[in-house]
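Below are two complexes that have subunit A in common, paired first with subunit B and then with subunit C.
Right after this comes the complex of A and B.
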């Protein structure tokens, strides 16, 4: 691991050099907001963004993709992405979410489609400069991260501190004109980390996130699920904008010869009506409240059981902003449960 | 196996959904190669009373049309409702908000009383006969239509989205048009269009009809949250969702 400092001018040159060499996805303005998109010039890069509309998961698990083409009675051909790319400007909470997904998609039947895209990617993370209006990463301990990236950038005013963490990162950074970071630069970075670890907290969670699983053990029949879900559209927006939601639906379509076809998958969401519908029309989470509860159990109990207790909510706040009736905020539900049930 | 015989019929509508089929361009060759089109007034002079699949475009607005669609149903093994007018009644249901005599006078003036200008309350096709599959939208989505046809040819049940348009907006990374200050019907409207209108930063009109379980309470809540009057929502719902259940006209 090496830590360097690169001036903003040299950084721009560095970004343009990478763009000339390979595909770069970077954070850019999109109307009134920000999102990841293919970058064609360093001038469009906005590392001062607050939060992106979509989570970076879409570059590993696209909203819809073809998994394979097949011939009925014949063989099949898997579709595996093979283009390397640089993902530039990932906030620490999203880095944590990607690291969780890496574990989940590697378990049991390893998902080659996801893992190949992941292997193709070089992740350049950036510490948060502007807090978004709903971020609560400080509460979830994801406001900063020391792992999960190839390079981490921290804006220290006239320059970036650039931590090069992996071999991929080292290869990329070889194109940058940077100097070894001074003690002063590192101190500046340290103070930014400290500030973010406290300050990215628009919705403070009243407990240490580690307690959430225990809290939920007592909360299955709590009235909050019905109360909140009364105005749930079942639109799945909270799932779809979430950096850690990864459920998908698989569907086949045939070509006009009715022999050859494609198997595709698309994002799904546990809040959607029919998500839990199975053969025969049986639906084991028919009520809005059942689905509403499931998401919050999933974030703090079911997924953590698969990945060593890590809470599958990273506090990005996207669901809070995306929910029109304003019921999706996990903190308001968890705090309500803390108030009613205590943590003892 | 012989190719299934398909007949396409139109009722009260602009025939724009049939036009979408004609607009399949090269793919129409595949379509007419896979099925035997025995009747299709908009594109062919052939006529037949024997068919397996009947595709109905348009809403049912006169008593004689009810008889006609019942006869088509009795002859078809599978009946598909094509486009908003057929699947929900579409814009034709606006009429149901008024007195029928007033409506006739507004449209036909002094001729309103003539016997061939009879009219009745507008109905979606499934308010008159059993519909096996719905292809929603104003107009239909060509890709969805051909997917439904191929599914029928395979003997598979096509998966028509039961989720709302928000799913497609979020998948595309659209800025929510509510954030842009518009009253969008996306949260209660069936997806499948690819969020075509909100993707151009314009509110969803609801042309694909409601999802199976629209949450009208949530819609009221959101209207309040955004400091709007409930009429702002009703005004938007009247165009494509007139007299659909559940209604908030009250």
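Right after this comes the complex of A and C.
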């Protein structure tokens, strides 16, 4: 691992050099907000963004993708996307989310489709410059991260501190004109980290996130699920924007020749009506309150059991903004449970 | 992370199989026997497969035959959704796709050895049980007394009737059948499956009990079994859920923290009793 400092001017040249060489996905303005999209010029890159509309997970688990092709009456052939790319400008909370997905898609039955895309990606993370209006990453301890990226950038005013963490990062950074980071630059970065670890906290969680699993152990029949879900549209927006939601549907699509086709997968959402409905009509999670509860149990209890206790909510706050009836905010539910049930 | 590049196997990719036999059993059920084109297929009773009909999709179906039978792999399929309706159109020689065997929760073929075994089946719940039943019957000397209870809605929905008659004729098997609602042709018992449980009191003593049927059936069966003090550790339930991936990723089959596809589909009741979403 090496830590360098690169001036903003040199950084721009560096980004343009990468764009010339390979596919770069970077954060750009989209109307008054921001999103990841293919980058064609360093001028469009906005590393001062607050939060992106969509999480970067879509580059590893696309909203729709082809898993295989088939011939009716014949066999099936894997379709595996294989294109290297650079993902530029990932905030630490999203880096943490990607690391969680890496584990979930690697463990037990490894998913070659996800892992191939992941192996093809070089992740350039960036520390948060502007806090979004709903971020609570400080509460979830994901406001900064020391792992999960190939390169980490920290904006220190006229320059970026550039931490090169992996071999992939080193290869990419070889194109950059940078100097060894000075003690002064590192001190500036340290103070930014300290500020973010406290300051990205628009919805403070009243409890240490490690305790959430235990809290939920006594909350299964709490009235909050019914109360909140009473206005739920079952629209799945919370699932759609979540960087750690990864449920999917699998569907066949036959071509116009009626002989060939493809099997694809598409994002699904556990809040959607019919998510657990089987052929014949029996719905195993029919009530909105049950689906609403399931999502928050997955985030703080079920998924953590698979990933070493990490909470599968990284505090990005996207669901808070996406939810029309304003019920999705996990912090308001968890805090309510803390108030009612205590943490003892 | 980079060891991921070495992942070669695609967990979603079906292998081709060929239909050997396809026989309509009644208005809603078809019997299909198939063989894997590459010949390889080792499974344990209770495991399931994802069956692909190209262009239509995949459906999770529990294997209905026992691995002791080497002449093919059986399934009995009710036409109820897109894929199962397509399965009803299969004819010998047709190609299907198979992923599996899937599921780590299997019938306790080894643990039940030397003990009495009781099968309680509701309607199409007979199908997954047939794998375990045939396994036990093919290794009859390894097990104690065997009782099979079957409840069907009405006589027109019965299927595999020749096999049922063969079980009924056997001296080393207690087979008792009932229908919820009889008709003019039906000379047998009428009533729900739980009414049969008191008839096998002796076999239930120290037995392993295996249950499969519609969701509504489980609670009543468990209540009846409680009267005979069957430990929750000795009761096995085979559950159905919506499934897409079959390998613990897609999230559809989750019962609280448990995945039916990887942790089941066969569960000990003692492992399910604490899960509110189980039934």
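Before moving on, here are some points about what is shown:
What we mean here is this: the second predicted complex is superposed on the first by the 342 of 344 C-alpha atoms of A that agree within 3 Å, B and C clash if a C-alpha of one lies under 4 Å from a C-alpha of the other, contacts with A are read in each partner's own complex, and residues count from 1 in each chain.
Here is the rule we use: a contact is a pair of C-beta atoms (placed from the backbone, for glycine too) under 8 Å apart; a residue touches a chain by one contact, two chains touch by 3 or more.
Since the structure is predicted, the reported quantities are computational estimates derived from the model, not experimental observations.
By the touch criterion defined above, A:119 lies against subunit C but remains apart from subunit B after alignment on the C-alpha atoms of chain A. Of the two partner chains placed by the overlay, only subunit B lies in contact with A:53; subunit C stays clear of it.
A simple residue count on subunit A separates subunit B from subunit C, and the partner touching more is C. Residue contacts after overlaying the shared chain place A:291 against neither subunit B nor subunit C. Once the two complexes are laid over each other on the shared chain, residue contacts for A:254 go to subunit B and to subunit C alike. In the overlay built on the shared chain, the residue A:109 is in contact with subunit C alone; subunit B does not reach it. Residues 251, 254, 258 of subunit A lie at the contact with subunit B in one complex and at the contact with subunit C in the other. Interface residues of subunit A, counted against subunit C in their complex, comprise 67-68, 70-78, 80, 102, 104-106, 108-113, 115-116, 118-119, 220, 246-252, 254, 258, 261, 263, 265, 268, 270, 275-280, 282, 284-285, 290, 294, 297-298, 301-302, 305. Per the touch definition, subunit C reaches subunit A in the complex via residues 1-2, 4-5, 7-14, 16, 52, 54-59, 78, 80-82, 84, 94-95, 97, 215, 240-242, 244-245, 247-257, 262, 276-277. Within the complex formed with subunit B, the residues of subunit A that make contact are 30-33, 35, 53-54, 58, 63-64, 230-237, 240-241, 251, 253-256, 258, 266-267, 269, 272-274, 288, 322, 324-326.
Residue ranges of subunit B in contact with subunit A, taken from their complex: 27, 30-31, 33-34, 147, 150, 153-154, 159, 162-164, 166-167, 170-176, 178-180, 186-188, 201, 211-215, 217-219, 221-222, 225.
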